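To keep things clear, I will list the structure first and then write my remarks on it.
Labels for the chains are A, B, C, D, E, F, G and H, by order of writing; each one numbers its residues from 1.
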Amino acid sequence: MDASDLEALARAVAAGELSAHELAERVRLDAVADVGYAQVDVARGLRTGVSEVVYGEGKRPEEIAGIVRAMRASGQERILVTRLDAEKHRALEALGCALAYHAEARAAVAGELPEPDGNGEILIITAGTSDGAVAAEAELTARFLGNRVRCVRDAGVAGIHRLLRHADEIARAQVIVAIAGMEGALPSVVAGLAACPVIAVPTSVGYGANLGGLTALLAMVNSCASGVSVVNIDNGFGAAYQASLINHLPGKAS
Amino acid sequence: MDASDLEALARAVAAGELSAHELAERVRLDAVADVGYAQVDVARGLRTGVSEVVYGEGKRPEEIAGIVRAMRASGQERILVTRLDAEKHRALEALGCALAYHAEARAAVAGELPEPDGNGEILIITAGTSDGAVAAEAELTARFLGNRVRCVRDAGVAGIHRLLRHADEIARAQVIVAIAGMEGALPSVVAGLAACPVIAVPTSVGYGANLGGLTALLAMVNSCASGVSVVNIDNGFGAAYQASLINHLPGKAS
Amino acid sequence: MDASDLEALARAVAAGELSAHELAERVRLDAVADVGYAQVDVARGLRTGVSEVVYGEGKRPEEIAGIVRAMRASGQERILVTRLDAEKHRALEALGCALAYHAEARAAVAGELPEPDGNGEILIITAGTSDGAVAAEAELTARFLGNRVRCVRDAGVAGIHRLLRHADEIARAQVIVAIAGMEGALPSVVAGLAACPVIAVPTSVGYGANLGGLTALLAMVNSCASGVSVVNIDNGFGAAYQASLINHLPGKAS
Amino acid sequence: MDASDLEALARAVAAGELSAHELAERVRLDAVADVGYAQVDVARGLRTGVSEVVYGEGKRPEEIAGIVRAMRASGQERILVTRLDAEKHRALEALGCALAYHAEARAAVAGELPEPDGNGEILIITAGTSDGAVAAEAELTARFLGNRVRCVRDAGVAGIHRLLRHADEIARAQVIVAIAGMEGALPSVVAGLAACPVIAVPTSVGYGANLGGLTALLAMVNSCASGVSVVNIDNGFGAAYQASLINHLPGKAS
Amino acid sequence: MDASDLEALARAVAAGELSAHELAERVRLDAVADVGYAQVDVARGLRTGVSEVVYGEGKRPEEIAGIVRAMRASGQERILVTRLDAEKHRALEALGCALAYHAEARAAVAGELPEPDGNGEILIITAGTSDGAVAAEAELTARFLGNRVRCVRDAGVAGIHRLLRHADEIARAQVIVAIAGMEGALPSVVAGLAACPVIAVPTSVGYGANLGGLTALLAMVNSCASGVSVVNIDNGFGAAYQASLINHLPGKAS
Amino acid sequence: MDASDLEALARAVAAGELSAHELAERVRLDAVADVGYAQVDVARGLRTGVSEVVYGEGKRPEEIAGIVRAMRASGQERILVTRLDAEKHRALEALGCALAYHAEARAAVAGELPEPDGNGEILIITAGTSDGAVAAEAELTARFLGNRVRCVRDAGVAGIHRLLRHADEIARAQVIVAIAGMEGALPSVVAGLAACPVIAVPTSVGYGANLGGLTALLAMVNSCASGVSVVNIDNGFGAAYQASLINHLPGKAS
Amino acid sequence: MDASDLEALARAVAAGELSAHELAERVRLDAVADVGYAQVDVARGLRTGVSEVVYGEGKRPEEIAGIVRAMRASGQERILVTRLDAEKHRALEALGCALAYHAEARAAVAGELPEPDGNGEILIITAGTSDGAVAAEAELTARFLGNRVRCVRDAGVAGIHRLLRHADEIARAQVIVAIAGMEGALPSVVAGLAACPVIAVPTSVGYGANLGGLTALLAMVNSCASGVSVVNIDNGFGAAYQASLINHLPGKAS
Amino acid sequence: MDASDLEALARAVAAGELSAHELAERVRLDAVADVGYAQVDVARGLRTGVSEVVYGEGKRPEEIAGIVRAMRASGQERILVTRLDAEKHRALEALGCALAYHAEARAAVAGELPEPDGNGEILIITAGTSDGAVAAEAELTARFLGNRVRCVRDAGVAGIHRLLRHADEIARAQVIVAIAGMEGALPSVVAGLAACPVIAVPTSVGYGANLGGLTALLAMVNSCASGVSVVNIDNGFGAAYQASLINHLPGKAS
């Protein structure tokens, strides 16, 4: 859907052939910028409240640059590209596609990060220092989506007092992202202390039998604590995305 | 922690030996009603905002009755017992432990269901008629926890128009619980249409290679749509619990 | 079986020692060009209607060149070599075995691609841009086998309108190849919209718990939509091969 | 969509407010008979060329009866209910829902089986006598959908001559359904002899390490023969459904 | 090896044909009571310090009775039979093989339980009430092997204060058996609080994705806390057996 | 192929239209007794040296009786039916199909067991008493196929001396069948002591993490000892069958 | 907790506001040195009797150096860093963080190894030469933690006499660490010969179906021998850690 | 055990202190050359009839050289080292340890290959050209152990006539090694044609869902043909070893 399409729709409304509601629906469902190798969902912001994010893995720099261009052409100023290694980032710059690179998060951002506008604060907790990259991806994503974020790293359950000393932050959070590899026990303990939803992220950190994170994932899905749900292995982005949705929900109508 | 303990704490506050905040903390963390085979977490309501729920599976009727008694003794009037088959429910009644039984949900409730007091509405969608029992558990749990609930059943993706005709309800929901067996594709499509978080529940419905629901679980965790997180197989309770947490979060401080 | 063998058989028919039918059977079942490390099935075209294709993975350039030579010697002009990386292709050229290389498809072709002679059109749909290499292998294979092909890329179910805008092409296709990684939901939605068979190809694209494509494979096998069957992970060749068989079946005898 | 809806649409066409094409589209995508626990896809025949089939497993007799009633009310005379055990069938009859029961296939049919109208013949081959129930489900489904069917049972690869004696039937088939448990080798051998697509059905027949059919499924997906695709474990219905789609495709436009 | 064998050996020592050490070795390695269907290891007490225990599962009552008889004949007065359901126990009694039955532990004992003679106390902790049967098997085994035992039930990590209130018992234990199903997080938290070895027992308690206890097992093996080792699913016997070995080790030679 | 077919072939040889060798080939490859639900391989004895055996599981009594009848009609006097429970055996007798039943082996035999005619002795060793049923199936199969058999039960590696006391029998065996559940370690130790091939049979005996025998199977396939190969879980028949083939091989031509 | 915190506590004791016991408890549970990316558990020695060890994998050299500095600052002189490859060790040295490197064990140590002070001797046995690196990690860890260690390498069960010749050392050990890949049978045989606990370590050594050590892990968990517990794949550190705990337990109070 | 040990034993026999049988036993069970990192089983030839083979993977060149030296010192002239890549072979040569390298088999041999002395011929069949390396390892091993070998490559079941044309070789073989990746169907078909044992070797050749060979392994273990047993993935050595044992068994005593 380009400008002329939108204009045509508007004219139809003016002519009484289309209601304003119908126009909105058409835009909501049909807007795609087709760049050949990708159909960019340029109206995603209208539909879901969050602009489309580019998943960088498995895409060539030329493809990423083209998608970014299409998004900008549709008016999206702030763009996040995840799973982007440093080499690909350099290739993007060579293609004239300038993005600010965040190394630990393996992600890049076009435009400024917004002012936080969520209801409360997202608390990100990791079990170990080695879970740092996943936490960084989650933190950047959450900030990109307009959230205030607090981070506590290395608070795994083997030294439970390292976690309990953060009990107040846990009690005050609007939503929590709990990140852990190995046996993935952190979210269970956190959810028992919290009054808010906990999004659990299993990581691929650990000795052989963590099976690339599958053990932590299964453990988290089996959490004995209520209030825990789980995203994919090492998927800091996905957890932060859902946390942001939760943090931006409307309060009680009154 | 029994009454005398609490009194002692109060006297300490009166004497200036303890601040009010400390008393609250002590109650928040230490209250357990020990009935031998169980340590009932009677102050869970204070700590997490939701009273403890009894998971009926693997517990003998005598144990369930004892736990219910302990919860009532601590002042909890409204109690939910999940995973309770009809036979065990009859055994509970024979023990003088009266609970209203909900057959499709395989759960029982003591006390009245509360008036809804959440921010918005929880939408429960199932992919097929065979997912009914899980949906019923989710619906009862959500109502028990004070939520308004809307249900759409049998809206699986193989007939996508059956889902699209509910697009408005999807767009208006505060939080969605999407329930599906087989390939578990429903949450991905729903999340693409929604502006709110989607809690996905895999079910054990399907032919051999759904592996008792594991296939649906893995598929949902891999959802290509952002905004999806996942709970355990057939765990309608867990999904509704987290949905309720989300639906009761405070709105923006202003 | 070389020419003299065939001649001998024919003489036997002439002499009444062999029926014409028997001659055909002997050719159909017994023709093998033995090159030591391989028994090339040079009469496969007679038997199954499709000439043998060379699977390049795990074979040394010398072996591939030898097999190609044997096929040409048996009269096969048009040859497809799949799973051939660029380096091996260069090695083949150095060995004097000239083949046109298709980089995205990681495959090479000897001879011209034929004119399409199938009944209708094969539609190839991918869920994401990252599934491109598999789609390219499927497209090249289908063209090599004499099919008209249409491609739609990046039409995953998380933005269902990106798929629905191609509903007409889906309704008109003779057979569809649906390619998706992550949760593999695309074929289910497509099959619900189509009136023709859907061959599903799981890909290894996604975060950790897609288990190298196994999750997508299992999900596709569990499709809630009728009319879906599944091939191996990343096996664009296999899907296109079967699609071509379907597209070349005889219509109704009348 | 009920009759009055359809009438309203028709009037709109008469009034020039809707084209005939638009009416067809609306019917194609929007027709659902909502019976509470199910949204019956009553226009599926229009959309995909095949009427909806009822999957009986996990549905209560009352639900099945209601769905059958809704389908009949929408004008569908011929109805197939799969995965229906004898006891449930008796319960249906007690509810006044009369269906002809096919015991080996564990399925029931309302109305007469149609005259075959496909392009050719579907050949169903099983590896062993123990695969009989799956073959029966496939055969009934194929006949229900208007196909001529030929069955060869117990032609497993351990006695290859039992298969080779059917080489002519294999060569003449329009599409083949190959059913096998244990190591699932049958489809590979069949596909090497056939010139048509082979739909493979893994079964749960075998000693411990067949893992309830998962081993056969994985083996079939890995078939070294081109032209094989796979459906779910024991899913005779799904294989026959796709085979029927293939057998009813239009031939070459000329 | 019966008495006459032993006598013969002794005479050989007297005659200088065998050293006393050799006699001990022969007894240690060669003593077996062969009852046809079993080779009872009657000298196991000499060799490992613990008498052989009878694993009741998969053995017919006649076989168990025969083995018990052989053990008694070799002088063993105190015998433990594990995994013995109530019905089999009754069958044993009917065969004149009297054993005291412990229903929750599904085990039976011949002879009196001994006075505790270990170095300290074994602490058994369970995560939930539903883990009771495994705890009972562990407790009975530990007492049978001469240990003082303390039990804490239902101290799962979702209510961490239920565990912390037992911090002193944890700190004082000589060895701990930690029993948990679902995500199996309990041993990690316990080991962080303890100064002694923790033997973890995964149980088959939980929703679908605990995979019959495999998830808990894998999680425990991946424990982020040092000092944890793991036994088989639901294997309360095995954990208590090793705990007893640890509790009976000699202290420092001085 | 019935008698008249064979006669026709023979006449053709007499007439010089067929060589004797061709006749043998035809019989060897083409003989099948088709009873509708089964194609009985009546010439299997000619081809592989061992008559076909009936796998009883998943077959109805009528089918088994029909297959036995067909085998007898083709001249096979001695027939083994495996995986036959007692109830099915009674149903066979009611159908007039008399077979001698072996309860522990869950198998039945028609005709007399033959005199042993193998080269040496087959040694069957089990790890535990609970592996008895698998051993019984193996022993009966071996005797049915004409082998001398020796059995050692309950010689698991946890009491290594129970195994070492049979070192001589191990050293003298012509071929060994080693049967074990749990960790499946027995074949490794046996193969280290033996000079002959060891066929390993994993059993489904054990606590939860033996995964129905899969753990033992994988362990045996990974045996650190050379000379071990493995058959399916609980497949005593398969192990004995291969052991018999080995025991009947021709010695050195001289 | 830094020095001023401790001082404050001490003053409170002096003032009678805190008992000495309370001070100890506070230190035991609350001491953490927060270095941003890690919360170093500096009082772990007080709590569990063993100082914290640094797991080097997944941490950057700067992070490791910072953690080591924090530990030294808190008074810990002897520090072990595991899973440290040679390159990272050189980077540490370049950062001025000097540690003695042990190449086979892939670990480094700060400070002197202590005099052994355990109750007895830890015996480490490996099945094969290829398990050497895991044994080296276990040995270094055990020595670091104050244990006398004896090593027997390459004593796998396929040559059982290689193990039996060490029967005396096995009988005399205080605790045994048994290390094996492939089928993981070693611990079962060892435990049958020993009177002390056996900690089993599965390794990732072997052909394809050892599944990266998972097969050995599952086999060891299923050990038919009592007295075996298991740690993670290749986790020589974890086994030695628990062995050291066992070797330092107090003997019988008298 | 060195020469002086043997002499001492012999003197004991001479003195009547030891029987000749005992001497043999002692040599059979106790001979080990201890080189520190390995206990070389130098009398394995006496015990099992086959000299020890060196598994090269995971061993350093120095270790391999040392083991070879120890074997030579004990009188073994002919030595096989498997899983030896070209680089390690060069390192061995640099250490003065000269071995003839076989590149496709990734193995090396010291000394001359022996004259074949088995009873018959070992037939090695592969399904595809890509299985060549495994076949080469099997062939070299079989020749090293004194067998006559025949090889048929690329005879997979997708072109069944490629296999049937070798039916005579299959019928004449003494033992068959059948090697296949992908779905692993080859051994089933071969065993149906053969009268001798078939050792199946799964390979890691194939697309994604062959799971590194696990699919082929499971399929082969589930073979519907009797007479098949299975070794580890890609384990050409193991299959040939067992085939050689079978080929060297004594014939019938007469």
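Everything below uses one rule, namely that a residue touches a chain if its C-beta (ideal position, glycine included) is under 8 Å from a C-beta of that chain, and two chains touch if they have at least 3 such contacts.
The structure displayed is predicted, hence computed values, not measured ones.
A.B. asks: Identify the chains adjacent to both chain E and chain F in the sense defined at the top.
C.D. replies: G
A.B. asks: Is the contact between chain B and chain E built from the same residue numbers on each copy (over half shared) or from different ones (under half shared)?
C.D. replies: Since fewer than half of the residue numbers are used by both chains, the interface counts as different.
A.B. asks: Consider the two chain pairs F-H and D-F; indicate the one with the greater count of contacting C-beta pairs.
C.D. replies: More C-beta contacts join the chains of F-H.
A.B. asks: What is the distance in Å between the mean C-alpha positions of chain B and chain D?
C.D. replies: 38
A.B. asks: So the centre of each chain is just the mean of its C-alpha atoms; given that, what is the distance between chain A and chain B in Å?
C.D. replies: About 25 Å separates the centre of chain A from that of chain B.
A.B. asks: Could you check chain C for residues that touch two or more other chains and list them?
C.D. replies: 128, 159, 164, 191-193, 206-207, 209-211, 217, 221-222, 226, 232, 238
A.B. asks: Throw together a list of every chain pair that touches.
C.D. replies: A-B, A-C, A-E, A-G, B-C, B-D, B-E, C-D, C-H, D-F, D-H, E-F, E-G, F-G, F-H, G-H
A.B. asks: What residues of chain A sit close enough to touch chain E in their complex?
C.D. replies: It is residues 127-128, 156-160, 164, 180, 182-185, 188-189, 191-193, 206-207, 209-211, 215-216, 218-226 of chain A that touch chain E.
A.B. asks: In the complex formed with chain B, which residues of chain A make contact?
C.D. replies: 47-50, 53, 118-120, 174-175, 191-197, 199, 217, 221-222, 226-232, 237-239, 241-242, 245-246, 249-253
A.B. asks: Within the complex, which stretch of chain B touches chain D?
C.D. replies: My answer: residues 128-130, 132, 153-155, 159, 161-162, 164-165, 205-209, 211.
A.B. asks: Where on chain F does chain D make contact in their complex?
C.D. replies: Checking each residue of chain F against chain D gives 29-32, 36-39, 41, 44, 55, 57-59, 63, 67, 202, 204, 212-214, 217, 232-235, 238.
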